[in-house]
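The same chain A turns up in both complexes below, where it pairs with chain B and then with chain C.
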Partner chain A sequence: MSAEAGKLTLLCDVKTDGSFLVHHFLSFYLKANCKVCFVALIQSFSHYNIVGQKLGVNLTMARERGQLVFLEGLKSSVDVFFQAQKEPHPLQFLREANAGNLQPLYEFVREALKPVNNGEAAWRCPVLLVDDLSVLLSLGMGVVAVLDFIHYCRVAVCWELKGNMVVLVHDSDDAEDEENDILLNGLSHQSHLILRAEGLATGFCRDVHGQLRILWRRPSQPTAQRDRSLTYQYKIQDKSVSFFAKGMSPAVL
Partner chain B sequence: MAAAATCGGGSAGTAGSVVAAAAGRGNVTSFQRRGPRASGTDSGSPRLASIAGTRPSVRNGQLLVSTGLPALDQLLGGGLAVGTVLLIEEDKYNIYSPLLFKYFLAEGIVSGHTLLVASAKEDPADLLQELPAPLLDDNCKKEFDEDAYSHKTPESDMKMKIAWRYQLLPKMEVGPISSSRFGHYYDASKRIPQELIETSKWHGFFLPEKIFPNLKVEPCSLAHGYIKLLRFIQNIIFEEGFDGSNPQKKQKNILRIGIQSLGSPLWGDDICCTENRGSSHGLSRFLYVLRGLLRTSLSACIITMPTHLIQNKAIIARITNLSDTVVGLESFLGSERGTNPLYKDYHGLIHIRQIPRLNNLICDESDVKDLAFKLKRKLFTIERLHLPPDLSDTVSRASKQDLAASARRLGPGCGSMAGGEKHLDF
Partner chain C sequence: MLDLLAVGGLVLLRDSVEWEGRSLLKALIKKSALCGEQVHILSCEVSEEEFREGFDSDVNNRLVYYDLFRDPLNWSKTGEAFPGGPLGALRAICKRTDSGPVTIALDSLSWLLLHLPCTMLCQTLHALSRQDVCPGDSSPVRQVRVLGLLHEELHGPGPMAALSSLAQTEVTLSCTMGQASAHIHCQRPRQRPTHQTQLFSILPDFSLDLQEGPPPESQPHLDPHTPPVDPMAHLTFNLRLSNKEREAKDSLTLPFQFSSEKNSRLYCTLGQVRLPVTSSMSQMLMMTWTKKTQMTT
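Entry: the complex of A and B
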């Protein structure tokens, strides 16, 4: 996968867990020597660290040498919730009844990824990784606020800094979550690459954990050309994920 | 109180070292990879489960506690991970979910853990009186006698080369209820002995007692009860050192938190009453901050929630995403399924809706999706649902279609894992 600049990649999962994609992108960009800002809202740092070690990256070291800026949502939420903070905290909205917007979070991201001005380019393009956006909706942010946040981040990260963005959104196709659907549709139209992890239509299978649909898009160009798409089935193993064409699982052949 | 101490003098250093050292750095989570695994014979360094009633997971070394039902432990991949939330979706008339709740708390008492019980409708002291008694049959008694005998051998610092497991067992006098086992069986028809409750350490949060009429609280769209409960939990965790931040308190015990009927109108939340989206964030924020507290401390939490009352399905999906392990109970009482011959041996279905993937890309998901439970006179058992034998002389088409139709409504697969839409006959 070529690291083109200025791209928004959308990860979504429906009826299954797509977090393996997040782990993949995190290790991919860290190994590619990019500066990564990871807004991890759903799991703790040590979880990503341990999985990262299986995939070959050391998050602790990356954080210490400044390559990785990690916002640990769960831990910070405890600090924000119980004590009033003096400076605006990225998760400030947890204390507010009707949180207006995600500006503190955007400021945090921009501050984290701004290039260090000592001249030398230590890292390649900056990357923003968010796991996951649906949590922001659950915590009381309006869908417009979340879309605004993504828009501002795209301007700052993808356009100004020529970096990439990867965000994960859960799709709940039978739960009638309108706000989530709006968010997903809005992001689908803005993204260059959509990776959609789905559960198999026939139910649980031990050897094939799901199906991955890859869709390349060109959002800025007219849609006269058809977007390219591919579908693979996958099985997640302890340290890697194996992909194969539909129906070609090694367990079946 | 049952033993929480580790064996031998210097062993406490290595065994608890990962936890204690992390505590010293002020960065303790229960998710850190445990240190050296005991490779076997003469290493002398004991295994890492130095806290009573816990054991490391075989898959990723994650510390696990028992839920009180060994069958459920097995379905969840060995037990409930420390630092996570187990959400029980209550059955319709709230008959069986309190049982799971009580098993969890009883397991805590028997293992010597500290309990924190929160309820809006029942006084926690009364709740604790109703816990089931642990089952001890003669086999168990014999096992404990053998353990006690092996401890009486005088050489306590001699390293055992072959039977090195015995070195891990606590050295003090084990009473008839030993905490050295993981997961106990309970007799649902008997009450827990009073002396066990008295020797255990517990904190109760009864909502009607804690609500004061005029309390200065910042408005943050959480129901008043939720804010009080979060502060209470955080207080206990901080005061008793479960998060390792207090260097004075060398706490090597687990805090078991039980919250009953969260989300019901008794907590001041109205998600069960209206379909309005505006007020639903209180519960989500509560769960989020609660998980943040759990992740940074040695505690595990069970929550029962009346999800069948929640009008808005999107909220249930969000709550599921915000919890770690989700188990749903569906009882046959009062539903048309109760008369279905398919289900005549069982009292209800149990759905494992979600199992977390902690420190790993995959999780231990059980293959069996159709699980049913029944409450026998003493035991609560979970079994794989199987069709009763069809013993009728004339097999009528109508009855077969009924069975097939009801079987189709069974396990559509684990909710967060691959879900199926079509029923395929194999």
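Entry: the complex of A and C
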């Protein structure tokens, strides 16, 4: 997959775990020598580092050399309550009684990906990675506030800095979570590429872990004939993911 | 579909994740601009560069752009934000003084609906789309057309119905026979609502290519917002009848239907006395008693 600039890629999963896509994009952009800001709200740094090492990247070294800016949500959320903050903390909304907006988090992202000219190695296009946005709704943020945060990140990262964004949102499917549905659909309309990992309708399978639906949106030029959607099935292995056409798993052929 | 540009008022372009509507919006904008109209664009979701991409200079020169994309909520505090935010931008469009036919494009109404109260937005849209009425003014009536892009998955039935009530035309984008199609529902004053489906494609220069579509539907949709539901779908039993079954059903005589044959069977014989059919048991008993009395006397 080529890294086009100024694009928003939406990852979503329904009835399965789509985090393998997050790990893929994290290692992909680090290997591509991009400056990455990773807002990790779900897992610890060590978790992503362990998986990253299987995919050939060392997050510790990337962070030390300034290529990776890592916001560890699990750890930072404790700092919000137990450490005095001179400036608004990126997760400041956790302290506020009324869920406001995510401007502090946006300021953090903007500062992290701001180009610096102090003799450091020049990185390629900046990338913002968020895992995941649905948890912000669970933490009390309104859906419009989350959409506004992504809007401003798109302005800063995609439009101003010509970088890319990759965000993960879970699809609540049967749970009828209205706010999550609005978030998912709202981001879908803003996205250039949607990767949707779905569990198999027939249930769990040892050799086919799910299917991935790829939907291209917002082509720069409208075309009459264009492949808009593709669907593959996949199997997650220890250090890679294998894709194949539906029904063409090597295990069943 | 080009008739959309012939009338004023609010035109809702309802799109979905599967079938985006911005390309059609840009195609209609291009058409209006090439007709010599001034086109005002309130853009909330994409940058000005991205929106103007694909338009040639003839079109771009006629676009008046209101940028709500860069800093809609004034987070940057650089003074670049539109004064008054989204509502200020809408009011600025209302106050424009250009004459002649005008097209106002809102990209998107969904963004505005998420950030403004629905009632306020509807009032502003009503004011925008009704600016062709100039009471007390002897100048020719200006035609104002408002094109609003609406992502229908983002809103509940209440706001959608409110916007539909304001719109003269609703265009719902979907797919028909593998081709992009527009289901157009027109509701003009003092006219019957019309409904048509038009296949189309948008060329790389945002020209609109209309194609031969499916035959006009014989019955207009009563509610264009909800797709027709087949009640026969997903049933575990068969509701339909074969011809043979239908004939047997039609020829069946129901027990509560009286026929001459049944009437004759209902007559009972009491000592060679035939009693007529009565509508109530009491009448029957009275007649029996009367007969018995007559026989004993």
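Operating definition for what follows: the second predicted complex is superposed on the first by the 238 of 253 C-alpha atoms of A that agree within 3 Å, B and C clash if a C-alpha of one lies under 4 Å from a C-alpha of the other, contacts with A are read in each partner's own complex, and residues count from 1 in each chain.
Criterion: contacts are C-beta pairs under 8 Å (C-beta built on N, C-alpha and C of every residue); 3 or more make two chains touch, one makes a residue touch a chain.
Keep in mind it's a predicted model, so treat the numbers as computed, not measured.
Asks: Just chain B (first), just chain C (second), both, or neither: which does A:F204 touch?
Replies: Only chain B; A:F204 stays clear of chain C.
Asks: Is A:T60 touching anything from chain B or chain C once the two structures are fitted on A? First, second, both or neither.
Replies: Neither partner.
Asks: After the superposition on A, what does A:Q92 contact: first (chain B), second (chain C), both or neither?
Replies: The answer is neither, since A:Q92 touches no partner chain.
Asks: Go through the superposed model and pick first if A:S249 touches only chain B, second if only chain C, both, or neither.
Replies: After superposing on A, A:S249 lies clear of both chain B and chain C.
Asks: Who touches more of chain A, chain B or chain C?
Replies: The partner with more contacted residues on chain A is B.
Asks: What is the contact status of A:S138 with respect to chain B (first) and chain C (second): first, second, both, or neither?
Replies: first
Asks: Chain C touches which residues of chain A in the complex?
Replies: Interface residues on chain A, with respect to chain C: 101, 103, 106, 144, 147-148, 151-152, 155, 159, 181-182, 185-186, 188-190, 194, 215, 217-218, 220-224.
Asks: Can you check the complex and tell me which residues of chain B touch chain A?
Replies: 29, 31-33, 60, 218-221, 230-231, 234, 277, 281, 284-285, 288-289, 291-293, 295-296, 313-314, 316-318, 321-322, 357-362, 365, 367, 369, 412-422, 424
Asks: Once bound in the complex, which stretches of chain C touch chain A?
Replies: Against chain A, the touching part of chain C is residues 17-18, 20, 22-23, 45, 47, 53-54, 69-73, 75, 110, 114-115, 151, 153-154, 201-204, 206, 209.
Asks: For a test of understanding, state which residues of chain A touch chain B in their complex under the given definition.
Replies: 15-17, 19-20, 23, 44-47, 50-51, 54, 73-78, 81-82, 84, 94-98, 134-135, 137-140, 170, 172, 174-180, 199-206, 209-210, 236-239, 241
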